[in-house]
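Pasting the structures in now, so scroll down.
In the two complexes below, chain A is the common chain; its partner is chain B in one and chain C in the other.
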Partner chain A sequence: MRKSKNLNPDLEKKATVKEKISERMGKVGRAIKLFFYNLSVRLYNLKKNRKKKIRSAKSKNFAKNLFLFCVLIIPVIQFCVFYIGVNINSILLAFKQYDIATGEYHFIGFGHFKEFIRQIGTDFTLQFATKNSFILYAIGLFICMPLHIMSSFFVYKKIPLSGMFKIFLYVPSIVSSVVMTIMYKYFVDRAVPSLLNLFGVQNVPDLFKSQQTAWSVIIFYNIWFGLGSGIILYTGAMSRIPDSLIEYGKLEGLGMWKEFWKITVPLIFPTITVFLVTGIAGIFTNQAGLYTFYGGNAPQYLYTYGYYLFVKVVGDTAQLADYPFASAAGLLFTLFVAPITLLAKYLLEKFGTNAEF
Partner chain B sequence: MVKEKISRQPFAVLFLVLLILYCLSLIVPFIWVLISSLKTRVDFILNPFGLPGKYHGGWEFRNYIDVFEKMFIKVSYSDGRAPRNVYLPEMFLNSFVYSIACTFVTTLSHCVTAYVVAKYKFFFGKVLYSTVIVTMIIPIVGNLPSMINLMNNIGFYDNVLGLIIMKASFTGTNFLIFYATFKGISWEYAEAAFIDGASHARVMFTIMLPLAKVTILALSLMTFIGIWNDWQTSMIYLPSFPMAAYGLYAFQFSNVNAVSGTNYLMAACALVVLPILLLFIAFRNKLMGAVAVGGLKG
Partner chain C sequence: MLKKFMAVFIVAMLALWSFVGCGPKGPNQYGDKIVIQVGIYNGGWGQEWLDKAAAEFEKKNPQYKVLVDGDKKYYMSTLLGTIDVLPQDVFVAPVYLYDYLSQDLLMDVTTEMTTPLKDLGIGVSDEESIADKMWEDLDEFYKGYNNLGKYFAAPFGGGIYGISYDIDLFEKKGFYYDASGNWTKGIEGTQPKSVGQDGIAGTYDDGLPVTIDEFWNLCNYMVNEGVTPFIWSDQTSYTSNLIYSMYAAYEGKANFDLVKTMSGEYTFEGDSEPTKITPQKAYLLMNMTGRKKALEFAYTLANNPDYYHSQSGTASMSFMTTQSEYLLSVVNESLGLGKRVAFIIDGAHWYNEAKDTFNDMAAMSDEYANRRFGIMPFPKYEGSPATKATYFASSFYTSVFVKKNAKEAEGAKKFFAYLQSDEALQMCTQYSGMPRALDYEMKDEQLAAMPDYYQSLWGAFGGNSDIVYHTCANPYIYKNEQFFESDWKWKANTRDGKTLSDPIGNFRTYPTLTVDEYMTALRETMSEEVWLSKIAVGN
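This part shows the complex of A and B:
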């Protein structure tokens, strides 16, 4: 506070007001402290025969362990119940069946797994879900990710207006997805057709309900909405690259494009790895915003795995009897995606750059 | 930072244009929402893309008051109580109470665990650190039914306190950020305090945590924003305690409201975003640059 005194008269004014307040608060605080101190001294004097306490190394160690125990006990129990417990319960649930008559679950073995595998081959909804989920993942990987990294690079290089971009790019990650979705939904639904009419395009179809356009509208939404959060994390990683390295590159005559490939990408590779590794599970969890757009009634041709599993468990379409089936499907997906994720992590860390700076 | 001249780089110009278009695509719908929220229902239908008052009414600032007074969602109880209507002010109150409590508990859990693991050498600490990394790497798909099932069984379903406990996990990115922060703070302050006879808890609360207050503030804000915006958790686990973001979601599918209509929905959108935008404007320097993920090293 004192340092800022010479810099700005406004700040100084604020500082003096703050100091005054804190001075007064300080007086009150000191009075209260003194009161408690006196009280504790009196209490201490009451027990005159008190033995002088000498803390041995053993008791110090005990105090440390007691402290660690007290701090960790609640988080550890929480983790045991809500991570380990939930996942064990999920595995058990996959082998059970819900009895509507008694309202209880009982074991049936591998029935749900067999049923799910059979349905993947025959059920139209699931076939759409397979296709859509992989398309969304591929778009995320091959279009969104390069777009995120390139845009982040330009924001990081302080191109004109980069300060403004930074603020605006934060917006999608701080505004609730439900607000963003409603905004997008009604804008596309109401404003876009009337805009197109202005330009002479007649008979615009209902973009969210027509089979030709709905999927593209959803894909566009996912690219549009996802752009911001990616850029925040990438620019965060890029800003940690030491300036000296970039200056060195300049002296060596690296252009912007070469700097991007030779310095930036290798040095932010750990961050890219995080996205690549954690993104794989997205194939099976991405709901693509469908629940916000359509509630539980999305058209069959828009389904993704994430949405498929979600509506089995939540909302008007959910039934308790479907819980074990959804668990079995989730377990199969996990068994499929976990090894791939671990392999990807291993390969990326082995063959990718991993510079310390 | 070294500034670049981009005029000679066609790619850079292309991306500049792309970024400007992207920012416009964020601003235009937002302004459209604000303008639409000030129209009458008839005016909105006749004139979806223009200033209010072209065909009907004028600038209807009353819409906001109407939404606040009349917008509701119906809440039904599983234990046989009669269903009732919950209005927007109550949803806002729910959102504030739940978001603040949940932010406090979650941040405390992350912060305290990360502090202990970063600053004390003990075997279990290493186990905890590995646990965090492993839970982040191994993807688990579809444990939602099991979670709902468990919450029901232990009586935490539709229970605010229960949900806060469920959310108070120490794993996740925030743990790693706190861990890195505490690793970077010198232990000498603590040693000096120990010599003066301070207890472990005292050192943690009065010395070490205040040293990390910038990180604590930034992550609390991020957590708060995340919880405020999270409408799905509220929908799944707290059916009789609706929050503003969920209310907004439910409202768009509702047709029993006295204030149903897109203009009102847009006003509600603006109201739900408002606290978050104010927070962001007030703390944007603290928030921006607070997030950086280094890698997943076990």
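This part shows the complex of A and C:
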């Protein structure tokens, strides 16, 4: 067969170089494969020449258990030390007082518990914290949760503009909270007064400092910026609902709202249960983002228990002498919340919808 | 088979990585030098001075290499939990010393503190020991609070709170007072400035208002001249400390120190006889006249919106933003975008913190290079018992210390001692502006090399004035440092449910709030019952 003339000598040169490179690569690859093949043959021969031990079932079980033990020992030790040990220490700390002179802790019984209960009645900070913590929980339960579920449903049903809606709600969860806080501060401090001025409202107070408006500003921040994380979880639960059920509902003439109440809510009820139960546990730990806005200097009237304890233990002015008191407060909260949480879980599981799919 | 072999091989290699750090220590990158690691809280005062002190120490002691690390982790309870495992041996950090001492975390530096520095072999010629330079009441605290008569740390210093002003603006607009009480630019060819509060010509307070009437008169004049007097940030501690400093300025050191000592007598307004003050009765000091006068200052300022920048104190005005707004107000004025601002309410460290803005402005135009600022003494109210200008210094719990399990103990103690030598103290003041809480002098050439603001701070701190603070050996104070740094100052609750803690901010937020109402709230909030519960902790 006659070789066809290549009218472009450069192309021919490039093809030759390419061929040479791929030929060399092929040689290297084959050499590596040969090396590992030889190695595996040698290892096989080594093993073949050994007497094969016949292992008993007991020995195999022992080996398996030993392996599991080795894998789990470090995380278990860590759990025992940093969770069980720390919590036991915290519980014991609640009954002690720190002696600044000697650096030692002395047992004082229920002194801190009595003092904390007394301060709830007399200390303005704790009175505000009590009120604000429960208000925050109620807002989470009656406003945030329905909002999350409804928003998730709209996103799940892909109503018009749901894509844009999704982005607006997800962005606060993706962008750094410090950035979002600064933006929110500027928005409330500068944009809102300017907008209100346009509508003829003069002498707009400092919304973050005014006792009449500061709490509302914080609540709004918590509602808006909490939407993203709630939607992610609820839409995840909703996406598991079989399409066949939805189609069946449509065939039966269910409109969107009936579908929501009759199908969607019952089927995502386990997810709702999780939020309800953890919400109760969060009454005394929710800071409402106060530290992000105010650092350790939030006005007294904005305090929540979560913020109060955080500042007491981790804040700039925290001292070792504060730890036992904070520990006692935490223990009291646990004693209050734990039975309610368990009861709520029991009632929700017993009387909630148990639809499975 | 091969796969199993490869799996075992890879796991073994990963496990071996754990031992990479083991083995004998080889020569470090600094040869045979002994490395001393130093940690400094990287706050407003910066670490330039410490870098220079380290370099100077290395020159005098070539067997050492000093590595300085500036970070915000060297702070209070954060450092308390990590100091043992940090590589640093020497620290310059804000701490509640008592917590560290009770946890046995500090090295005994009594020898370094009590031996003349020239005899410590660190290359300095100071005849005095560090203890000789200590202020009397601070010496009691650093030696006495541990009941051992030993030293475990040396004081660093604390920011003073005063009104910082723009010298260039004062000269340009003629905001200084002359001897006759008229306005003057105070520059060559104009009327010379008045002698100021200290009564001495040629000092930092020349031409500045002496009485409160003169001060408000100045503010009114500024407003008429198209200048905004004040700006401040959302940091309530700065405005709160300024007003607290005002209270100290009224009372003077002798009266103000009653808070520290809880021992003495005070004649309250309206009383003909003095009241004996004891630890059990110290809550009565909430009713000191100086507090009322300070609140009157805050009230007047807050209720005159013309006296301050409209964004002052709002949440979007971080301290850095405020410093920029203050410094750039000169540019805004030239562009017709806003008014120039005369005073900033901030800690004295603001000047060092704003270095980037200064540099940016200098790059913008030569006109904005080498700007001059100063600190002014508080104006005096009539009847003030203070005999000198008085400034309150907070953060006096910032200390220099060596940790107990220091790796290079001898070197660390030597560097610790060096940091308290005259030349290191002078370096600190020269490069950061911070006057250290020890007795020392600044050389004329050093002062001449400092920016005007630092010279002004030195004049205020080291001149004919008193510095007051809460740090002391009184156990009721040091066992409740958190309380005296926060609640004691201005925290109160009114009968109608207002919560107060920042006078200027509170008077702005509550237009109907009066000074008398605030004073009543202070007295009722710091009742005898609440006070005695605090004393119970101090016992």
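List of remarks:
By definition in this document, the second predicted complex is superposed on the first by the 289 of 357 C-alpha atoms of A that agree within 3 Å, B and C clash if a C-alpha of one lies under 4 Å from a C-alpha of the other, contacts with A are read in each partner's own complex, and residues count from 1 in each chain.
Convention: a contact is a pair of C-beta atoms (placed from the backbone, for glycine too) under 8 Å apart; a residue touches a chain by one contact, two chains touch by 3 or more.
Quick caveat: nothing in here was measured; it's all calculated off a predicted structure.
After alignment on the shared chain A, the placement of chain B and chain C results in a clash.
In the superposition on chain A, contact of A:Ser40 is made with chain C only, not with chain B.
When chain A is checked against chain B and against chain C, the one touching more of its residues turns out to be B. In the superposition on chain A, A:Val201 makes contact with neither chain B nor chain C.
Within the superposed three-chain model, A:Ile32 lies out of touch with both chain B and chain C [touch as defined at top].
After overlaying the two complexes on the shared chain, residue contacts for A:Pro299 are found with chain C alone; chain B is out of touch.
Residue contacts after overlaying the shared chain place A:Gly103 against chain C, while chain B stays out of touching range. Of the two partner chains placed by the overlay, only chain B lies in contact with A:Leu161; chain C stays clear of it. Judged by the touch definition given at the top, the superposed model places A:Tyr186 against both chain B and chain C.
In the superposition on chain A, A:Leu343 makes contact with neither chain B nor chain C. In the superposition on chain A, A:Val314 makes contact with both chain B and chain C.
Superposing the two complexes on chain A places one of the chain B stretches 7-15, 79-87, 115-123 or 133-141 into chain C: stretch 79-87.
Judged by the document's definition of touching, chain A residues 182, 186, 190, 314, 322 lie at the interface with chain B and also at the interface with chain C.
Chain C contributes residues 1-2, 5, 75-77, 80, 96, 98-99, 101-104, 147, 234-237, 311, 313-317, 479, 481-482, 485-486, 491, 493, 498-499, 501, 505, 508-510, 537 to its touches with chain A in the complex. Residues of chain A that touch chain B in their complex: 63-64, 67-68, 70-72, 74-76, 78-79, 81-83, 85-87, 89-90, 93, 150-151, 154-155, 157-161, 164-172, 174-179, 182-184, 186-187, 190-191, 194-195, 198, 224, 227, 232-233, 236-237, 239-240, 243, 246-247, 250, 255-257, 270-271, 273-274, 277-278, 280-281, 284-285, 291-292, 295, 309-310, 312-314, 322-324, 326-327, 329-331, 333-334, 337-338, 341-342, 345, 354.
Of all residues in chain A, only 36, 39-40, 43-44, 47, 99-104, 124, 128, 182, 185-186, 188-190, 205-206, 208-211, 293, 297, 299-301, 314, 316-322 touch chain C in the complex they form.
Listed in rising order, the residues of chain B touching chain A in the complex are 1-4, 6, 9, 11-12, 15-16, 18-20, 22-23, 25-30, 32-33, 36, 44, 48-49, 109, 112-113, 116, 120, 122, 124, 128, 131, 135-150, 154, 165-166, 168-171, 199-201, 204, 225, 228-232, 235-236, 245-246, 248-249, 252-253, 262, 265-266, 269, 272-273, 276-277, 280, 284, 287-289, 291-296.
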